[in-house]
Structure formats: C-alpha cells, structure tokens
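Okay, handing you the structure first.
In this document, chain identifiers A, B, C, D and E correspond to the written order of the chains, with residue numbering beginning at 1 in each.
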Amino acid sequence: MLGIGLLKGLGVTAKNLVGSFHDPARLVTTEYPEQRTKLPENYRNFPFLVYDGTAAIDGLRCVACKICEVECPPQCIYIIPDRDEKGRPTKKPKVFDIDISVCMSCQICVEVCPFDAIKMDQQYEIAEADRFDRLLLKREALAKPNSYYQEIHPAEAAQVDAMLAEARRKADAKAKAAAEAAAAKAATAKPGAANPPTRPPAPSGSTPATAAMKPATAAMPEPAVPPVQPTQTPAENSATGNPVAPKTGTPGA
Amino acid sequence: MTLVQLSRVTPGVSDWFFQSLSSPFIAAAGDSRLERLPIIARDLLTSRLPEPWRWWLNSLLAILVVLFGFAILFALLTLVERKVLGRVQNRPGPNRTGLPFTKLRLFGLGQPLADGIKMLTKEDIVPRSADKLLHFLAPVALLAFSILTFAVLPFGRNLVPVELDAGILYFFAAGAGTELAVFMAGWASRNKYSLLAAMRALAQLISYELPLLLSFVPVIMMAGTLSTTGVVEAQAGWKFGFIPHWHVLTPWGFAAFVIFMVSALAESNRSPFDLPEAESELIAGHLTEYSGFKYALFFMAEYFGMCALSAMAVTLFLGGWRAPLPFLEIVPSYVWFALKLFALLFGFIWIRATFPRLRIDQLTRFAWKFLVPMALINLGTAAFWSLTCNWSGPLQLARWAIALALVAGPFVVMGRKLSRDYAPRTYRYA
Amino acid sequence: MLMSVTAAHVWLIPALPLLAAGIGALTPRVGRRLAAGAAIVALAVSFLLSCGALVTALADPAAHLVHNFAWFDLGDSAVRLGWLLDPLTAFMCVMVTFVGLLIFIFSTGYMHEDANFTRFFCFLSLFAAAMLGLIVANSLLLLFICWELVGLASYLLIGFWFHKPEAAAAGKKAFITTRIGDLGLLLGMVWLYDATGSLLFYDGGNGVLETNALGALTAQFTIGGLAVSTAIGLLIFCGAVGKSGQFPLHVWLPDAMEGPTPVSALIHAATMVAAGVFLVARVYPLMTADLPLTGVPLHALTVVAAIGAITALLGAVIAVGQSDIKRILAFSTVSQLGYMMLALGVGSWVAAIFHLLTHAFFKALLFLGAGSVIHAAHHEQDIRRLGGLRRPLRVTFATFAIGMMALAGVPFLFSGFWSKEAILHAAHGWTVSPLPLYVALAGVVLTAFYMTRLVAETFFGTPRSETAEHAHESPATMTVPLVVLAIFAILLGFLGTPAWPWLQARLEGRTEIHGHSLADGAGLMGLSIVLVALGIGAGWALYGRRPRARAAATDPIEGRAPKLFHALRQRLGFDELYAATVGRISDGLAALADWLDRSVWDGTIRFLARLGVFAGVVNREADEDVINGGFDAGSEGLRRGANAYSHAQTGDAHGYLRVVAIGFVMLVLVVMLGGGR
Amino acid sequence: MSIAFLIIALVTLGSAAVAMSLRNLIHSALLLIASWAGIAAFYLWAGAEFVAFAQLLVYVGAVSMVVLFAVLLTRQSRVDMAIAPDALRRIVAALLAGGATLGVLFGAVVSAPLPIAASATPVTVSVRQMGQELMGTHAAALLIVGALLTVALLGAIILASTGREDPPGVAPPAVAPPTRKTS
Amino acid sequence: MSLSPLQLCLLFSSALFCVGLIGALARSNTILVLLGVELMLNAANINFIAFWRFGPAPSPATGVMFVVFSIAVAAAEAAVGLALVIAIYRHQKNIRLQEAVRLKG
C-alpha cells in the first residue's frame, strides 16, 4: 500500500539517528587532528632513509651506491656520494634529495636497495606552501631511525632486522673462524667477537652495529650473502607467513 | 508594505481600522504569571507612555520580537538540520565552530555565525545581462512575503500580533507572493537553467497550492471561522478528560493534516519536493546566479516559509498553543506552541533525511491525481462529520467507522493506482 | 452499549447489510474475501444488535417501541415512516440474522468455485438488508418497499445462474407470480390509507393497528356486506399468499430451487417465504378486527385458515411424488407454511410464529444438508441416483437426520414436535370447523412419510451413480453451520413447550408464564405421536427395508398406483392448468392487442400520412411559384446590405473596442446634456 | 480624504499607466501585479478585509502566474517586437477615445448628486456573515460561479492543449515496450 | 469645490478604467490588451466597494458579495483569455491582436 514504504524508510533513518547517540559502533567518524586512525601496515607513500643508532647522518645505512637513483622511474632521487679528503668514497651520501612532488610512490627504490637503507614512509601531512623548496626533501629530513621503521612497519622491520642480524652473525662467524684459524697470532680480535650474536640492533650497540655492517658490506659481492629475500629457503618462506609481503604484495599468503 | 505600515499612514481617518487591528498582545486576564510573562514584560516597557505612542511601541515590540525570534530560530535551525542530517547518516555533523577566539566548541553552536559572516563577506555577483532591478528585488520580495505571514499566527494565549477576522485567508494571500518572487529570481537571472527552474517552481507551487488550500477548508468548516484564534478556540477541551479536541485526532483532520504537511513540503521547496533548487539537475535552479547575502536571503525566506507553514499546521490541526492534557496547562501556552512547532520542524528535517527527490512528472501527478482528489473527498468526509455531530451511542461508532472508511477507502484505491504509476520504469534504450 | 439498542437504533440492523451490499457491488471480481468478509461481518454485527434489540424488547414485552419520522411532505400531509421494536420484531431479527449468518458462512464454502462470488454476496446482503428492513418497519409503506426489494433479491438469486434457461425462467416465474399477490397488497395498502389516512402500524394511538383505526374500519361495510377491515385484510393476505407460496400461487416456490442451495435455504425456506406469515402476524389486529362482528358473510381469518389447510395438505401430497431432493424440501416448505397459515387462521398467531422460528432453523438445516449432499455428489440432485451417503457424509447425515426428525415431528426431543403440537392444539380449539384439524393430522402422516422416504433414498442403500460413489464430506465452513443449526433445531423447541410456554407468553406481551401440564392435551398429542410413527413406519417399510437397487427402478408407490404417482410427479397439474387458463387468456389478449395495433391503428396512421403527403405536394407547387419569387428578391436585397455592412466587420478588436468607447461617450453625453439626471 | 487613499491611488494608477506603456512584457506584468496589489490595499483601506485578501490571493497569487506563463509561452522574436506600421495612428486614436471617456466620466462623477451613507460609521461585514450570505441569499449565484469556473478550467485546458494523444506525463507506458510491461 | 470621499473613489476608479481602456486600445500585444480589460474590471470592482463603503447600501454585504463574485469570474476570464492567447500564438506564431482578424484558418 502507498505509504508503507515511506514509513519504513522513516524508521530506518530514525534508527540511525537514535543509534548514533548510544551506539559508538555506528558513529564511525574520527575527529582527525585530535584522533587518528591507525594506518594499515602496508600503507606507503614516500621513501625515507633508515639509520641505526642515534646519530642521524652517521648512522645511515645508505652507502650512496646510486642504484635507487638509477632505477627511479620519475627520477626524483638525487645522490652525491661523500668522499674523504683523499678522494676515496666513504660509502656515505653527501647529498641525498628526494623530490616528493615528483615521486610516484612506486617503491622501486626500496626493492632495489641491497642495504635495506631506503624504506617507504607513512607520513601524509606534507602540505606545504612552497612547492619548490619544502617538497624537496634533504638528507636530514629523510633520515629516520630504525625504531621509527619498526613502528610503522613492524612485521617487515622484524624480518629485515632478523635478516641483518643473520648476515651479521655469519659475518661474525666467518670472522671468528678466521680468528681461530689465526689463533696463534693474538687475541686482539676478541672484543669484536664479544658482540652478542642476537638480533637487536638496539641503540646500545651503535658502534658494533656499524662494525657488523662492514663485514656485510664487504661480503656483498659474494653470491651467498646478500640479504635479498628471494634467496631464502622456501620452507622458511612458507613458515614465517609473509616474509616477502612488502615486496611481492601478497599479504597474509 | 505590511499591515502595520499601512495603518501607520492613516492614523486619523480610519480609527475603526485600529480596532480591527486590535492592539497586539492583548492583555490577558486570569492566567498565571508565567503565562502572562510576555505581556508583563511588554507593559513594563511601555505602560508609562501616552496612548498613541504606547500603541506604536507595542506594535514595534511585537514585530521585533517575532522577527528576532524567528531569525534566531532560523540560525539554529540551519545548525540543527545539519546536525540531524549528520546523525542520520552516522556522522556527528558540524561540531567545531564554537565561540570565536576561544577553544570552546559548544557543539558547533558558532556555526550559524560563521556561515553568516561568510555569506555577508562574499562577493555579490550580478550577471551582466541580468535584469538588475528584478535581480535585486527577488530575494527582498521573497523574504518580505515570508515575514508577512507571521503576522496572524497565534503564538500563545492572547499572543497574536494581528488579530484578523480573515486571518487564515491573509496568511495564504501573503504566502501566494512567494511564487512571484521565485519567478522574478528565475527570470531576472538571464540564465536558461534559472528560467527553467523558475517555470518548474511555478508549476510546482501552483499545483501544491491547491491541495494546501483545500486541505484546511474542512478545518474552517468545522471551526466556523477564518480567524486563527478562532480555530484554536474551536480545538479547546478534552474528550473523556484526556483526549484533546484537536483536529488531527479525527479521521478527516488526520487526512487533512497529512495532505497539508505534504503540500507544505512542496510549497517550501523542501526535499523530496526540492526540484526547483535541485543542484544535480538544474545547478540549484533559480538560485544559480545568486551569491553572498542575496543567497542567504533566499535561504532565510525558505526557512521562514517552512516555519510559518509549520506554525499554521500547529494552529489548524494540532490545537495551536493548547496543552495536550489538562494538568499540563501549568506550562505556559507559548511553550506548548514552540514545542509543537519544533516537532513539526524536526519532521521536516527527518523527511529530508529520508526521501529521495521526485521526478517532475511524478511530482505533478502526485498533486493532481492524488492530493487534490483526496482533499476534495476529505471535504465530503468533514461535511459528513459535521452533519452527524449529534450521533451518540452505537451511532458514534458508526460515525467513526464511516468517516474512517471515507478516508481510507479512497486512499487505498488511489494509492494503489499511484503506486503502480510510480513503479520502476523500464527504459527501452538504457 | 448493546443494551441500549432502542427503536431509534434498529435501522442499523438492516443498514449494515445494505452497506455490505454496496461494498460487494463495488468490489471487483477478484475481491472475494472483501465481499464475503464485509457481508459476514455486517450480518454478525447486525446479529449482535438484534440480540441487543431483543433484550430491550423483552424488558417490556407488551410495549410497541416506535420511532417515527417524516419521509417527505406532500402538501399538507407528510408521508411518515418509522421503526418498530416489539418481541415479534426482535425474535424475527435474531432468527433472520442468525440463520442468515450461518448460511453466509456456508455459502463461502458452497460457492467457492463460482466466478461471480462477489456478486452472490452482494445479492445475499441486499436480501438480508431488505428482509430485516421488512421486519423492523413500522409502516406498511416501508414494509411494502422492503417487500418488493426482497422480491427483487429473490429474483436475482433464483436467476443467479442465468445462463441456465431453467434458472432464468424460474426467476421470472417467481417474480411474476408473487407480483400477483403484491398487487393485492398494494390495493389493500391504498385502501387502508384512504380509510385511515395513515400507514403507520403503531403511532401512539393513531396507527392503523390501534383501536381508533380498527374501530373505524369495522364500522364501515363494503360490497357483499363485508367489513372494510375484512376486505383490506384479505387484500393484504393476497400479498402473503403470493410471497409464502400459498395454495393458488404456490407454483413458483418449487421452481425457485433452481437457485444456488444456500439461496434456497435462506430465502425460500427460512426467511423470505415466512414473510407472508410475518405480515399476517404483524397486521393481526387488523385481521381479527372483524371477529366480534356477527352477521357478516365472512371473517378474514376463515379464509386464511382455509387457504392454509388446503396448502398444507396439497404440499404434503405432492412432496410424496417428487424425486428431486430440493423439490421435496420445497413442497414440504409449502406444506409447513400452510400449517403456519392454518395456525394464524384458527386464531393462534403465536403458534404460527413459534412454528415459523423452529421451522426456519430445521428447514435451513435440511436445505443446507441437501446443499452439502449436492456439493458432495457433484451437483446430483435426484434421490434415485444418490443413496448410501450415510457413510461418507457422517456429519451431514447426522445433522440431516436431526432436521428430518424435527420436521416429521418426532416426539419430545425435537423442536418441530412442540411447534406442530401447538398448531394442532390451536386447530383443535377452533370452534368454527373441525376440518383444519383433520387436514393437519393428515399432513402429519404425510410429512413423516415423505421425509422418511427422502432420508432412506438418499442416505441408505447403496450408491446408485458414479458421483454418489465418490462423494466426500464437505469442508468445515459448510459442516459447522450444519452442526450449529442442528443444535438449535433441537433446543429451540423447549422455549415453547406447553409446560413452559415462554416464547408464546413473550410474544403475546405477557411477562408471567402460565404453564399447564402435558396431560391437558395428552389425547391429541398421543394421536399425533401415533400418526408420526405410522408415517415413519410406512416410509421405512416402503423405502428403507428394501432399498432401491438401481436408479431406474420403479418407485414402490408407482408400482402400486401408477396414475396417482404420475399425477403427484406432475404436481397435480397446477402448472399445466395455469398454462391452459391464465396463460391462454393472456396469449389471446396479446394476440388481440397485436391485431388491433397492426390493422386498426396502423391503418389510420397510414391514411393520415398519405393525406399529409398530398397536402405537401400541393403546398410545394404553390410555394415555388408564388412565394419564392418574393423571397428571392428580398434575400438579394438583404445580401447586398449585409455585404456593405460586413466591411465594417474588420475583425480588428481594437476597432470594435474603440467604437464601443466612443459610443459610450456619446451615450453619456446625450444623457448628461439631455437632462437625464 | 486621507493621505493613505491618495498614496494608494497614485501608486495604483501610476503602476498601471507605466505597465501599459512599457515595452518589456515581464516588467509590464509585474507592474500590473503591483497595481492589483494597490487595489487590494484600497479594499483594505475601505474596510473590506476579506475582499482585499481574496484579491491578493486571486490576482497576485493566481492570475499573475497565468499571465507570466502566457508571456513566457509566447516569446516573440525581435521582428515581432518592432513597432507596427500603424502604431502611431492607433495610439493617438486610443488616447483620444480614452481621454474622451475619462473626461465624460469625470464630468459625470463631479456633477452627479451622489447619495451619501446614512450613517457615518462604516458597516463591517464579518467573514461569518459573508459566508452565511453566500450560502443563503446568493447560493444560486455561488453554484453558477462554481459551474462557470469549472467550465472555464476545462475550456482553458482544451484551448491550450496541443491535442497530442500521449501527454508527456504518462511516459512510462509509451517508453516501455509492450512485451516487457509488468505491473 | 469639495469632493466627498465617494466621489474621490469614483474618480480613482474611472481613472483606472481609462488607463485600462487606453492600454487595451493602444497596445497590439494581445496579452496586454487582456490585462487592460482586466484593469477595467478591477476599476468596476472599486466602484462596488466605494458605494458599499460610502453610499447607502441595500444590505450590509451586497457590495462585498458582488466583488467576490466578480473576482471569481475575472479569474475564469483571465484563464480562458490567456489560453486563447496561447492558442492564437500557436496558430499565427505571434500574438498581435490586429493580425488575428480571421475566424477561419
């Protein structure tokens, strides 16, 4: 009959109206500047640089290898490697700029970085008044601690950390073997080996970490060592669930 | 040119006209102090003055109180509407604009103020080829006609600005001017959409004016008067001591009330009859070429019209300022009036939140093929009701049964037909 | 609220079914539930109101509560109608609404497959409204209006299946036959109005049934020495004869069985045909007014008694020879109506009404039972082709048997016994002639006999046709009314036993009840019991003991007295007699009118036409030569003038308006200057 | 005579006169509406409240709409707006005829010995009184006016209708193919 | 010369009548002609009210009743008149009154 449908409709809206007052599940609005929704882990927008330890510039994992600069499709990365007085590369970037008004958030830089030095950020409040200056991020603005990385991408970060620790453990083991082979020589290498074999790249071990990094970087050209994930065993891959999730884009496989 | 102005120019000659205008806010007798509060307050201000001045000041006060009251109501209503719409859609609605320069939010109470400031400071654009005079006159005329209608509404016991013998007729005569203003706006804009919208608006307003007028004829018939206070007077008393004698509680009265409210929705261009201002179809229709303060005036007029029609519905059908139960009469009459008015306004908002907009052919068909015949049949029902007013005993039941059948039968029959016509249409090429 | 139903409210009782009829008329064909629901609900409410009216009426049984009003004014005199509420009205209302309600419910099952279901209920409601209006009318005029409406509804319902030629013919026959009686009623009404100046029954001393009017009526005499009241009473009785199927006009009633069975039950058994009895009971003061007169050749009631006796015997005799289940019941109705008339005639109208009420219930029961049988047997109505239905139709059989025993007057338990007994006693007490008593006693035997025959043929033995074998019990909407009616067919008798004649007392307006012991009339009662036993025994001996084997087998009576049986089967040749006499005469009259029309009137007109043509020819000759010439010249002049003037008609509105303005100015100037002030 | 009357008269006459002389039809119509409103004001001044509101309702509310619709439905091209060849002649004739009428009427009004109301106090007619008068004394006239209005409504519809068999209002059956039409 | 209120009202109405008349005579646009006629009708209504108010009235409500009826009839007239205008426009594609001189077409 005419009107029944209208009354039903009025009932629906009335239910919404009343429900929004006593049922918090209905009122889904978050009051943005005060409240924020937790972003999903796989959210990404622009890259940042990870550093270990507390020193922002010195702790950068980046070695200025320029792979990302080459691979970047819109060419928004600009790197000048740092050199010491003698002109030798210090394996640090002197200039590392990303123009995020150009960046297209493709994550290719993250994919190609052999050192896990560049990661995708979740910072979205990037509105600026000056387009040419403030959106061109410098090295200092890009550098963020590993703890931040762990905070925004916990699963991925744990995996990366585990991998780095593994690499470091291998390097340590190698160094230890070398040391034992040369046991007779001296016990000078002891302090370096005293480094605990566990994972934490905690702030406490900044110097050991960099020290541990060095063998890894030194070992990079060798085929077995590089921490590129696809080389992991399939068993481990399936057991951990989503170790490759950030890269293959199949979360929760 | 309001009535008050009209009488102002002829003070000496037509003295009788003064009497017919009957000093606004007549002094009440025998009511509680609370009930007489507005009159006491007024007398405090003006009782010392000599007679002609006192009359003038009383009139002026009445006008000011009504105008400011409804202006504030308008401001609040915009906010309440947005908040209710938000709640219906599971949003909080505007809640951030509070007191200026403070952190106080006050549930967004500052929103109307902010809107007002925005509207006032916007650039007033007049199209180059527009008819400048009419373009300016349209919003002014619209608002003026809307405000005129407030003159005869009984806001409470003895609280009626102008007591007219033909008050209801005056109300609708003044309301008829809004159509003219809408047309002026549409035509003066020199915009095809505006003109089209104006024509649509005219068609809609004329179509719905008919059921609107026909729906309250039964009330006049039963009350035997065209005066608003008389109609309220006719709804005095309670049956069995607890069922008020409101017109809405009779079969014909209920039908007339529904017809009246539907027509009022259309007359005030409210959703779901807001075709003339349909943004998505006519780029806001006759409002397209208006901006800034003129636009605000249009909106103000629309809300004033809505308030006035709701107030008239309260007067005609819901017993005006009368309390629903005898013991509730200790609450002053103007509070009751305000409560009923708010209830109806909330209904307007609720309907807006619920129903989608009609198509123009559905709109006119609904008016001509459903509302007008229903209103005419309802007239017959009311005639039957008034002829059988001395039936009693089992006849009283028979009277109810017949009246209900007279209302429900045509409703079902015509409603069936109408529902068939409104069935989802099948398109050949879509 | 119900307690407060007064005379001013009784119009609601017929108004509600009328409303339902209106709804039914407006309902489209698919609205079955609406039409039936409206009819049933309206009648149920009417029933409740009737009960309220009964309570009101019984509070003061002697009073005639009236509510009169003016219908319209004719010059000085107003035509006044009114409503009447007394025990007679109230009992009749309760009976009609209750039986009607049960039959309505029964109809929802019986007519379920009919395409014109809504129309049926519309007609039924119309009938109920008219019948109830007839009952509550306090004016002979209003009664007559409703009387005719009842006739109309009856006609419509008999011819409900008008595609069957027999049904259409039966409808016409019923309508025309009853119209003959109605003519008498109309004449009586006109005469009554002429003699008394009023048609209201009771009007605070001025009504036609009150002492003033009756005194005036008996004081005048008319042709043959009859008192005017006798003459008017007999004319009114004519109407009753037509409607109640009494002796000369009884032929329509058996044919009326062509209608749907619920219609037969409601109209042609329980209610409408009783209207004649009711009419006579209603105007009973008028009928009895001439009794104190001595030296008049005839008392009205004598005629009534005679007609009743003849009808009672005739109906019972013919019923013996019929084989259609409904026809048998129809003739039994004729016979029972004769009993009622007999009771009226011998001066006991309460016995007549008592029998009317009990008869209404058990006859409705019998008809509905027959309807159930017919429904079950796929519209097979011939008892020779039925048989053995006892087993499949248990409820129907049980209730039908109760109805049969009530009708046959099986002693003590069944209502028919008590009401028939009352009639026999009344006939016994009639001093004028013993004949009615003998006729009634003969009728008792015959009734018991043919009812036994009917039950034995239908329910016992073996099924004698395909359809009877596959019979199945009817739905609850049909059996429940049967059961209810059966209960009442038993219980109702105890309202009027000689020991406690409550009903009689109330009808006569007495509040105290004078019971007398059963021994008072024990002789007569014993005789009638013996006669009933004789009838049943004979019936069982002939039909029950050795049931019919085949449908085509000869009837036991036919075997013994073929001629008699044949005459009975042909209904004693009344139809043929009427066809030979009345029909022949009217055919002759029609032929005469036809001949007159064709030769005499036509010839005259043809001659006149010829004359006219001749005059025309002469006229034309004169016209063309003499007159036309003059006209031509005149027309030419007019044409030229108009031509000239038409140049002023430019079609330019401005020009016209200008001329009007200037003309106005001229006119005002003339008036002003010419001293027109 | 009061100032109010003079103002009302001047406004009414002025707007009517200007309306009759304007080229722009819409402006003309709007000014005429103002003139009608002025007449309503005159009624109000004269104490005929009900008539004043009726005038407003009918003229400002209804007739004006019809006029505006008619104007918009008969939009003219620029050629049509051009002054007709004999316009001047007609205007002069109109002025002459109108002037003569005005003169005659004025003369008649000024010179006529008009009767004056017996009582100085004006009669007031309440709406109730009017209603009873309408239903009693003038009931026949009311019926006739009702019939007239109905006939006028029908006539107007017939005159203005285009005579198409399928009005756009009942589009769905026309649009839907007959095979797919479901109730 | 002093004028009574009644005469003033009558002068007002006759002036309005003449304005309407001149408009109806001078304009070629049919709509305006109709409006002129409408004005003349209104002028007549003013006379009714004037006599009702200032003149001796046969019964208290006669003048008002007349005007009410007149307004009703005028509404009908306007509706039919403008419908005719539209019909003329359809027929001859303009609404000049002086061109609408033929009944046939």
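The definition used in the following text is that contacts are C-beta pairs under 8 Å (C-beta built on N, C-alpha and C of every residue); 3 or more make two chains touch, one makes a residue touch a chain.
Since this is a predicted model, take the numbers as computed values, not measurements.
Here the chain-to-chain distance from chain A to chain E, counted in touching steps, is 3. Shared contact partners of chain B and chain C are D.
In summary, the chains found to touch both chain C and chain E are D.
For chain A, the chain with the farthest CA centroid is C.
Which two chains touch most often is answered by the contact tally, and the pair is D-E.
Closest to the middle of the protein, by Cα centroid, lies chain B.
If each chain is reduced to the centroid of its CA atoms, chain D and chain E end up 7 Å from each other.
Rounded to whole angstrom, the centroid-to-centroid distance between chain A and chain B, based on C-alpha atoms, equals 63 Å.
The mean-CA centres of chain B and chain E are about 34 angstrom from one another, to the nearest whole unit. Centroids of chain A and chain D (each the mean of its C-alpha atoms) stand 82 Å apart. Shown for chain B are the residues in touch with two or more other chains, of which there are none. Looking at chain A, one finds that none of its residues touch two or more other chains.
Residue positions 21, 25, 28, 98 of chain E are each in touch with at least two other chains.
By the definition given earlier, chain contacts exist for A-B, B-C, B-D, C-D, C-E, D-E. Those residues of chain D that touch chain C in the shared complex are 90, 93-94, 97-98, 100-101, 104-105, 107-108, 111-113.
Interface residues of chain C facing chain E in the complex, by the touch rule stated above, are 650-654, 657-658, 661.
The touching residues of chain B, when paired with chain C in their complex, are 393-395, 397-398. Residue ranges of chain A in contact with chain B, taken from their complex: 1-3, 6, 9-10, 12-14, 16-17, 19-21, 26-29, 31.
Looking at the complex, you find that chain C touches chain D at residues 654, 658, 661-662, 664-665, 668-669, 672, 677.
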